[in-house]
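Think of it as A, B, C and D in the order they're written, each chain with its own count starting at 1.
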Amino acid sequence: MTDTNPPSPGITLEQFRQISDERLPFATSMGIVAECIAAEQVLMRAVYDSSFLRPGGTIAGPIMMGLADAALYALVLSRVGPVELAVTTQLSINFLRKPAPGDMLAEARALKVGRRLVVGEVALWSASGHREELVAHATGTYSIPP
Amino acid sequence: MTDTNPPSPGITLEQFRQISDERLPFATSMGIVAECIAAEQVLMRAVYDSSFLRPGGTIAGPIMMGLADAALYALVLSRVGPVELAVTTQLSINFLRKPAPGDMLAEARALKVGRRLVVGEVALWSASGHREELVAHATGTYSIPP
Amino acid sequence: MTDTNPPSPGITLEQFRQISDERLPFATSMGIVAECIAAEQVLMRAVYDSSFLRPGGTIAGPIMMGLADAALYALVLSRVGPVELAVTTQLSINFLRKPAPGDMLAEARALKVGRRLVVGEVALWSASGHREELVAHATGTYSIPP
Amino acid sequence: MTDTNPPSPGITLEQFRQISDERLPFATSMGIVAECIAAEQVLMRAVYDSSFLRPGGTIAGPIMMGLADAALYALVLSRVGPVELAVTTQLSINFLRKPAPGDMLAEARALKVGRRLVVGEVALWSASGHREELVAHATGTYSIPP
């Protein structure tokens, strides 16, 4: 099984932002914006809002899960083109450190791009922190409709 | 390793709703409400809003992840008492069927209640559908602060 | 998406044992034997051997992972027939209690039987212990070749 | 939460091999040998045996899971010292490509080294293939006894 999809972006940043604005209202409500869609990776940001907080003064897990899932979705579209109906089949996330209030960043990259399934991993960190000090790490699978 | 925590609810439905209202604004914005907190399980609902939709006319994954995580949080508090600082360390979710627009239900039950870690599983289904036809299934771990 | 596969066993216990004996040598070396293949579930056993032990005098995780994966494989074949080329795409396992030396049992049941993917969950416990006191819990996905 | 453990190896390659030889018989039976234990990563090999094969002529999932778990165990000991009683609490693995018969390699690195939990990720590939063409990717958590 080899990667048959070219590494060139199947979707531009502008195209993804339009899909996100029009078709992913929950992402908008989570302050999620695409920062970069390149051949090999995707960078997404969750713009901080005080509604992200949970007891302990840290950012709630569901915000991180939403950000990770959105980054994987953009990654899939960047690799296979604008197949909006691609859906997550599985997502696994480890929460590593408690993120301080503030923007969060997520970088997704592909582990495998198959015809039916795309598997990727996502690193999440605080925009005010260090890239190496991950606050969460996720892996996820998207199913590509025939 | 045995379950040392009693199965009696460590928190009432009213207490959890108050914590949720005051301390989990993202849950409120996702329409998440606790329906039942009992000795052995927790039932949560996500009240439908059109902002839940994603391409394909189904409910977005992050709504389901948020609902699953909130159900696990309530489960933890029901077993170990109101330790608000309990945090998710890991969550794994399988998306099984595309949920039609409408309320979603989630039932959480404990797989293990330890002193440091609580592990639970969550079944999610459409309120308009059948309990056996799960739309998603999650397992997650919460860490209990010392 | 509905389950189009009949719940009747697509493979008999004898057929599975033959496949296991001839085609799954690692399972044989782990002492894994199918005990029951029924319409809705599969029961597998790992017959204890002292080579299963790890520091602490408990059974090593890889034995439990092998048992869970074998139980899912039998489940898949019981639902879709003898498609030996079905392969695991993802497996997630929580280790809940340290199993004492002795046989282990695993019960697998389907969460979803689709045309391309089968998702199941597996409960593992000690044959000398209680069914409710799980030592591990796994979920996994098998991909069905076209 | 910061990493308080120094990145210097808490255990040498020779020490780990001795533990593995004496205390991890299942690893030995899977042909698992540590190749390198360094400050930041661990490299393990599973020496091929025809008993690894499953239908389709590829290496069975449980061999990869055993290799991933052993690599994480060595990683934990390399970061926190020879705490043999450290145990896996959770492991999640994605199978990405079907590995051809032959040795397999696994490289583990830490995502977080806490006092109670160590989280790591493992990349697996065929020794005869390319490092970038992963055959599997795992994340796992070890619990450190008090």
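Following the convention adopted for this analysis, a residue touches a chain if its C-beta (ideal position, glycine included) is under 8 Å from a C-beta of that chain, and two chains touch if they have at least 3 such contacts.
Keep in mind that what you see is a predicted model, and the values were worked out from it rather than measured.
Listed by label, the chains that touch chain C and also chain D are A, B.
Averaging Cα coordinates per chain places chain A and chain B 22 Å apart. With centres defined as mean CA coordinates, chain C is found 27 Å away from chain B. Look at where the CA atoms of chain B average out and do the same for chain D: the two points lie 32 Å apart. Each of residues 89-90, 92, 94, 98, 141 in chain C touches at least two other chains. Chain-to-chain contact here is organised exhaustively, every possible pair of chains being in touch. Those residues of chain A lying in contact with chain D across their complex are 1-2, 92, 94, 96-98, 111-112, 119, 121, 133-134, 137, 139, 141. Contact residues of chain C toward chain A in the complex are 89-90, 92, 116-117, 141, 143.
Within the complex formed with chain D, the chain C residues making contact are 19, 23-27, 29-30, 50-56, 58, 60-63, 65-66, 69-70, 84-85, 87-95, 98.
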